[in-house]
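See the structures that follow.
Paired with chain B in one complex and with chain C in the other, chain A is shared by the two complexes that follow.
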Partner chain A sequence: MLQLVVCIKQVPMVTELPWDEKSGTLRRDLAPGMMNPACKHALEAALQIKEKYSAHITVITMGPPAAKEVLYEALAMGADSTILICDKIFAGSDTYATSWILAQAIKKQCANVDLILCGAFTSDSETAQVGPQLAERMNVPAVAYVEKIEVNGKTLRVRRIVDNFRETLEMECPALVTISMENYLPRYVGLGGLQRAFGEHQIDILDAAALGVGVGDVKQEGSRTKVRQVFLRKTDKENVFLTGVAVNVVSEFLNKYERKISTVIGKSIEGKNRTNEE
Partner chain B sequence: MKEKTGLMKNKHKSIWVFGDYRNYYQNRVTLQLISKAMDLAKSINAEVCALIFGYEIDEWIMEYTAHGADRILAIDDPALKSYSTERYLAIMEALVKEREPEIILIGATDFGREFAPRLAKRLKTGLSADCVGLEIDATGLLVQIAPSFGGNMLAEIVTEYHRPQMATVRPGTFKEIPHDNRRKAQVERLSLMKGLPQPRVRLIEYERCAEKEHSIENAQVIVCGGRGMGNKNNFVKLHELARLLGGGVGATRPVVYAGWADHNSLVGQAGKHIKPKILFSFGISGAIQHTAGLGEADFIVAINKNPQATMMKMADVAMVADAGDVLHSLIKELKRRIRE
Partner chain C sequence: MPYNPSVKHKLIRDSVRHFAETELASIAAEIDRNAVFPVEVIDKMKKLNYFGLQVPKEFGGAALDSVSAAIVVEEISRVCAAVGLCVTVHNGVAVFPFLQFGNKRQNEKYLPRLASGEMIGAFSLTEANAGSDAGSVETTAVKNGNDYVLNGTKIFVSNGGVCNLALIFALTNTDQKQLQSSVFIVESAYEGFLRGELEDLCGMRANPVSSLFLENCRVPEENILGKLGMGMKIGMTTLDNGRIGVAAQALGIAQGAFEAAVKYAKERQQFKKPIASLQTIQNYIADMATEQAAARLLLYRACELKDAGEPYGCEAAMAKLYCSSLASKTTSLAVQVHGGYGYSKEYDVERYFRDAKVTEIYEGTSEIQRMVIARAILAKLTL
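Now for the complex of A and B:
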């Protein structure tokens, strides 16, 4: 039976977040969370492997206690066990530190892992770095942006399209893949499934002590980058609001922007003097 | 307690640019980075060094020289005929440890974004991703501007205590300088190090994909529709508007799920990243999964009954009205106005 580990992240379900200048972090607590979309695809890939070849799936996330929610969702989708890594001393970790912490948890709890699956990137910080760095931490072969996985014993054959090249690659387990969102459309889980997961399963929580990690280790392997400031992208957009009956709004819009639209589409629509026959 | 690895050792500082020649025809990001590196180099009195690993690479040596590199480190070996993340990692790790560059810039291509994080881990240094701005601050640190939340937010990131400072940079962020054949660079041809580990990932086959045709990724006008279109019959009318404007149709995920549009028209994080001159957004609330694909849309027209929708706040023009009604009127009015 294959041992699969899927690393997932809870991300805010919004397009921007307030920045707390005092703590130098985003106020993630202010937004509802969801399972990062690419992570969900990674879990789906694991579930499809399990259905075809039989496997045990452990899902790991690092985050605040509220991140339990995405683990319950993972259980409802079909994961077998879950781990929440949760400790204040891990807060604000960059990808260098995060990959190290995840590696400690995998080595401790899933030492015989065959394949680690991560989402290719997250919707919040979008670095796409944790997966590749985790591969280095685990010292296993890795391929990013995978669209298709075939398992043959302990040999993995993976396909991907990168930089407009279609590639087929092979590697031996244990290995790591990051999963793109081209394929492996996540299955839908209804409310009933979620409710059952909450009722039936228990989430294992690991803090730094349980991981055997001390303050010294965290300093040694801690973040290399520092976020000096976060700001909203400056926009020169006018953000003009037009209100009223649809017909009038459309006329107003076309009259105001007819020149711009004509230029872009290469045909003239400049006709505000024409009578409106409506 | 943080050690300052290699901070003061270098007499002559160097900014390295990784030669991602596989992407030359797609985005020329290496040339853009050489140009930006020349700029940064002035502030910290450094040289610009391009790295090229491959087989029969003279054309790239000439190209990077003509585009401004002061120095080129080249390894020309049949073993490097195709891209290999693992081989490049082993080579780069050895070269960086020997020469201690101050900064390494890598194009945020698919290759770069897989390669750079692994290199940063081996060098025990920091890395920022997909930067859309780079500058040197008063203390000589590289300030890396990286996007998050689909480009709605920007973060200023620095690597204070570790070297090299590393960033991947989004293609198209900086402008290359014009080709100049009179430029000279110090070209160092190195031989492939002995005893590098055998790659554990085997490339079975690869081919360049055909150029995509009719893809909305390159359309000047895109008409996107979301759940607010109400039903499939309303949604398909977006094609009529797109036809009038000579554009393409895009869709949000719920719409694709509902079967109103096929997967090829999905716009957003899981789908196409679009860069139209004009984007019409009909009945779309603006969830992050969708807006992540709109970062490069120039002029946005949003139509939604709900003025509070994120999409309406992102728009240049926001029409507060029923999406289906506006679509109907817009098609009618354009048909009256358009003169070929």
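Now for the complex of A and C:
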């Protein structure tokens, strides 16, 4: 039986959240959470592999206690077991630290993993880094933006679309794929599955101590990314309407913009023929 | 009392909302206009356990608690009340009586087929001369060998046009001094079970509401639900539960209309600013939001009492009375906020407005709810 691990993330339910300008982080408290859409596609891919080839699916997320919610949803969809990696010292971890923590959890709890599936990117920060970084941490081959997986024993044949080309690649297990949102449309969550998820399953919680992770590995100490500045892109352009008699409008237009026009057309029009018109 | 929703309730709400918005939002206006029952979407719902909300797992149901079941009905009705009606009638008044009164053989025979949606259920009490006065039914069931022979006409049967099984209330003793009614499990395949034309109604138009005719319809004696003569008891108990469903449906309609009104108020510019910046519109929004929050607590209180095995008839009546009145008020205000556009079929609030009204009528009118509540209050020794 194949051992699959799906890494998922809880993200805010709206796509555009305001930033906290002081801390440089998203105001995630302003919107309820949901499973990141691409992660849901990754879980769907795992479920389809399970249905076709027989597999055990472990779903892992790192987040605050509220992130349990997406694990229950994963159970309702058909996952077999779940792990919540949760510790206050993990707060503020960047992708570099996050991938390291995830790798520790997988090595500890799912040492015989055959395939790790991640969403290609998250809807809140969209770095698309955690999957490939995790592959490096685990020292396994990886293919990103996968839209189809075939399993033949311990060989995986995966297809992806890059730069309008369709690429088919093969690799040996253990391996990692990040799943794009082109295919593997997630199934609806059934009500019976939801009830069973809450009634029959238990979520394993791993903290820093359980993972043998110290403060130096995570948080800002273990994070290589420093957010220097966060700003909202502002457009300070405005439309200018020139009105009046045509000849005056043209004259005013040239007076105001002749330098810009010169730059664009690559030669000076300064003062040209201006007097002839008069 | 769930002042804060549990993780489970939030997930159920999110999941049903996602389904309803994906599958029903784009067709709700069209199936309303053309009075079409959306068979394909209903088939998808069957696979997701929407037809076995509270049926135990061993019969293939989802075994949800009552708050969860109410949330399901709320969220479907928030997008499409007519489909919400199909779900709440099936679960609340067709399946529920089996759970309460069905014997082992009846439950084993029918619950798996009801829970999977293979059979869609209906509940038929109302007749031309028996509405609020449930004691006046005229349909009769006369014993003949091992069968009962049913004759009569039921009207305004929700799901009537598509049901495969109907619970029929009929008199099993017509002697005025010993008047007795019973409930019969009648399969649509039985000879003598006929459907009338679909009703052309103001709202809930995508639900196939019809009359049912019983013409010498032979029903085996073993299909008497509970026991002979339990008609009134089953009817009253079922209506208590049905009221929770209609309250949830009304609340869902109110929620949908409220959200549409808030969205529109933020977008619509008048006097060079969004109308949401006008105090009158803000007052509407504040009142709608407050009353909805209150209604939701009233509804969930009835659900929790029911699950705790305590009497909940009075609380269900309060929830039904309040939520349905709120639905009418909120949908009317939502149309008002939309102005002329709200009166046009181009906007959903027009549909919500028409759908809301009947929640004050069926499963006991608001007048009957007040009667139920007052009786319960007056019967108490201490208040």
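Keep in mind that, in the parts below, the second predicted complex is superposed on the first by the 215 of 278 C-alpha atoms of A that agree within 3 Å, B and C clash if a C-alpha of one lies under 4 Å from a C-alpha of the other, contacts with A are read in each partner's own complex, and residues count from 1 in each chain.
The working rule: contacts are C-beta pairs under 8 Å (C-beta built on N, C-alpha and C of every residue); 3 or more make two chains touch, one makes a residue touch a chain.
These numbers come from a predicted model, not from an experiment.
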{"item": "Between chain B and chain C, more extensive residue contact with chain A", "value": "B"}
{"item": "Chain B versus chain C as contact partner of A:K68, first or second or both or neither", "value": "second"}
{"item": "Chain B versus chain C as contact partner of A:Q195, first or second or both or neither", "value": "second"}
{"item": "Contacts of A:V249 with chain B and chain C, given as first, second, both or neither", "value": "first"}
{"item": "Which superposed partner A:P32 touches (first chain B, second chain C, both, neither)", "value": "second"}
{"item": "Shared chain A contacts, counted only where both chain B and chain C touch the same residue", "value": "none"}
{"item": "Chain C-facing residues of chain A, complex", "value": "32, 34, 68-69, 72-73, 76, 188-196, 198-199"}
{"item": "Residues on chain C engaged by chain A in the complex (per definition of touch)", "value": "7-8, 10-12, 14-16, 18-19, 44, 47-50, 52-53, 57, 61-64, 68, 72"}
{"item": "Residue numbers on chain A that touch chain B, as the complex places them", "value": "13-17, 19, 37-38, 41, 94-96, 99, 123-130, 132-133, 135-137, 141-145, 157, 161-172, 181-182, 219, 223-233, 237-247, 249-251, 253-254, 256-258, 260-261, 264-271, 274, 276-278"}
{"item": "Residue ranges of chain B touching chain A (in the complex, touch as defined)", "value": "1-2, 22-23, 26, 86, 109-111, 113-118, 120-122, 124-130, 143, 146-162, 200-209, 220-221, 245-247, 269-271, 277-278, 286-289, 291-292, 299-301, 307, 310, 312-322, 325-326, 328-330, 332-334, 336-340"}
